[in-house]
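A, B, C and D are the chain letters, set down in written order, and residue numbers restart from 1 in every chain.
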């Protein structure tokens, strides 16, 4: 393992940050893929003593069809969720996948009923070559994991607003906002411009007037709570009240009509999409947490960056390269952009903790989207 | 529109570059999505005079099942390709989609036969709200397009090797190499380490010995052609001749067994995956080329960067921000990292050419993966 | 309406009778189709005041994959149930269909869990032409409904044995027998030869020896209960204990592995398959109970035959012809084979009761398979 | 084997006869299932020397969506054809199935293009128990095959009209009539009433007036050709010219919109549906022609009846019973209803020819629907 340390780059004057909430079609796919991977991991451990090869990171959602109506509409055709991947069949893979997906969907979409989904697994037997790589715990791909800390102000606010809108507290107070939200922040110098897309739920609203009042009250609430007096905060920017065009849904997600989704299109392992920062393309959700460096190294890089910042007070950007066939605990290169020094030990210690990361992912203590 | 120019960052000492070839399962999905979008665009123009809203960027591939055999094996179960998306039905959307997908698959996988695929379209009617945004040609999303020029040496070589392996010339000389290839390059200082994954085709090989000879000859050929005397060049690093484990296929793609694919997991619009460079997460393939800034602004940013480099000799990294509902010809921010000066006019002139970009994409003159 | 009465034919010396139980893959399809039709009918009545056109009689089941094991095995891949048909979308058709199918499956397969099924509806909007025929309640097809009474001895015993094996009483006493059973009776003169196929359930059996003992005890029990001292009664005739080939399942139906199913392949509306008796080809299950003569006239013919027999003591075979576009209460021809006389009024009165039949079908009081 | 001969029953005074043409959705399913079975049989013979177990008799068609237009409309969404069944995988089952289905569809629907279909095979590996029964060529089920000869006048005319409408000669002269036709004949005493449903093709018709003229001319042509001066002959009885409701299609089959289909819902092996005659419920199409008595015994019974009639001039109805596990050349009972005598040898000789029947089915010389 080679550790290279270079100075931290300057922060840009302008940035764009985005977070897709839990009920966004892309996040739904990420969440389903991850729920299936975790359920399979637990079953493998129980049945065989250790996690077997699997890769269920090709989850795609085809939107349903709904008919909204003030006071409550209907889901006419179900949302289809294709779970495509490979797994070792020492456990009943597809029934585990269906159950994990269904339980997860009910957890995040409390208004949805079983009959609003077709969960359609197509999980093949994994190729034997790939399976053998898991047993020896060598990297199963050549890729790069990326992490950074701390968040900029825009990043922090974006994440906090999104998490607030998805919180139990908020959903109790504003049941008319569904779990499908998206927060996009533009910062230009000091100026923050925050656009929120939020799927409103028809059963809790009697008219377009109620919708409007609710929307404006929420905008006000966010401005207050996050102390955004000088920022622009706008929900559902495309609404057109004259034409009756508003963002209304039956169960609180655009997946019920019109919006499809796919794993890996949403937020990265740190919870954000940050095109003006280093980012990994890897879709972490659904990959096995033992040998898939596309998953593990992103989590690891994030943890190293956070620890460097915590211990030294200096920002850090971390990139970890993998090589297919190399032991995952010995990455060929770790590149750290930081002004801190003497951080080699942090890197090494965190890499030692990879098995812990695996288990924390399985237990749901580390989230990857 | 605001144009901000900052100095170009230093190139890193170490980099990772990857290119997935035309027959890789992820690239197959990108290519199918793009072929469908182009076919729809042409049909809309013919039928209604201009391109209508569509978004068919959720193509997923579930691998088939094959039985390889020296001298020629069989495809037991077909590769399934789900084409998920939205489109305006003023033209026969799904039959256009199937035809475009099939024609494309035959073009890139000459050994595949119709019966090796199930092409399964699920393209809904687009939500009316989104459709209206196309008519006025305003940005349909808030995102960031990214481009840079010139390529580093590692980037250039990675792209050229991949394109060489996918070239007619190469495939005529080495028919035993299928279109599913992947080239990954690590540069560490001056040292290049190039790993290639290539799906060999069983019908052109009589034995594992022939496979080995062919593979070694190709490694040698690449070293020569690209003058890589000091680089490591390795094909199919996981091969194990003793165990008979080699990378063998029937029609030249891992999609026939074991490897699934999805749009947006592969190369960016410049043809590369470059985690150590600014990158967009957007899946460009399959998006409509009129209002989808996730597609257009990536192409545009790349063209601006290339023109800056061509006219000034200075490297450039370009990021273009979009805002949902804003005219696409007036992006809120263009950030250019370059040491060139007086490049505002280049930016403006290139933005003026957006309608040309649209038509070039439709005509297949601009490739997005 | 023309009523033609001819003498009853002689009973054949030899006959074949069959009944597929509730858990047989073909019966599962019939039951799902019928459950969906009933649920849609109730929803239409509630929402619009009367039953709208629908036809969901193309239900097909693709078997899953299971791994049986003495003491309890696993379902590796789910059973797929395609619900294909047409319906009026004044109610949320597909979500009603999924819910009705799922509830029904749990009712008849108590060992199955949600994740053992993929319920996949593809119910199109009905063609407007056909819908209009429902509103006027004219026959929507040209076909023939058939019924007869009373049952022969072989018919009666076949039905009673099958119903006994599917009864709660039996399933409590012999939990190791699943709901997928089939009873076939050959009568040759006086001699009855009864073959039973029964899916045994692995979790209730510790070994092949237990299986054998259970099977023999059940054969004995049937012989006793139905007083079949001189008949041959044989369960799972293809079992081969030496080779370990027995009919074992995880959830009690061959649909879990190896046996597909389809609507209309199973029993007729009288509960039997009787090739040596007049029979209708019509698949009654899933058709709307208002205008689908292929459903209504079979039930009606059976009711007329039963009433003739009840009131006159004479056997009767009844065939009712329909004509597309004719009022369903005025069939062009009713042919009765009976030695009874003066039965025209019975025919006419029963035809008057068609609206009652519709409602009894909706309420589940008349079963059609 | 026991052969029982009883007198032939009297012919009824009234009868109903139906034939679904080659392009009817149910017949499409029968034809696809049979094409797949034949293609598999040929592949098994070539690869392994003899036909292996297979059963692909659960083909279901979910209608597409079309937009008809005088002068030529469009197929908006494809027709989906699910090929569900079991087969031995010593040959590439699903790719053979897709190819056979596609070739067959093009043969019978010359206006359809590849992109008008999604051919979706789900053919599992056959259960080992069932496979072993094929190897020994014992009956794989307990069922009854039925045949009769000669046809009544109504039966003959029904079949001939349908075959005329599906003939090349007719389709050349009247290209505006598609292959999806259905002929239903009611005979009441001497009176014939013939109703024809025929899918007209929009591209060959410029207006509803042309449709009307064509339809009336065809009615006249049929009356002439089949000398039906006193019969009622009516095409598309539900047409309503005022409302513009006529039976119009884009490619000549109702499967393109609104009508689903399934194997075994259409004509029997003699080409007719005859509810007033003995009939088998068995779906012959798609079953393997070696051990599936539900297929073989229906063909055999028909051949015995035809030969009895040919050699003796006496009508015959033949029923052949099978028993699971019995050699197929030794059925437990053959029941012949005829007034001919000394026909035991005919029965025995025809049973000897079962292997010939198998090969004729594979070669397409015997049609089963």
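Simple rule for what comes next: a contact is a pair of C-beta atoms (placed from the backbone, for glycine too) under 8 Å apart; a residue touches a chain by one contact, two chains touch by 3 or more.
Everything numeric here is computed off the predicted structure, so don't read it as measured data.
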| item | value |
| --- | --- |
| Identity of the chain that, by mean CA position, is farthest from subunit A | D |
| Inter-chain centre distance, subunit B versus subunit C - centres from mean C-alpha coordinates, in Å | 54 |
| Centre-to-centre distance between subunit B and subunit A (centres being mean Cα positions), rounded to whole Å | 24 |
| Chain contact topology (line, ring, star, complete or other) | ring |
| Subunit B - residues contacting subunit D, complex | 67, 74-78, 89, 91-99, 102, 113-116, 118-121 |
| Interfacial residue positions of subunit A with respect to subunit B in the complex | 2, 4, 6, 9, 12-14, 16, 18, 58, 60-63, 65, 80, 82, 84-86, 122, 124, 126-130, 133, 142-144, 146, 184, 186, 188, 195, 237-238, 245, 247, 257-265, 273, 275-276, 278-281, 283, 319, 321, 323-325, 332-333, 335 |
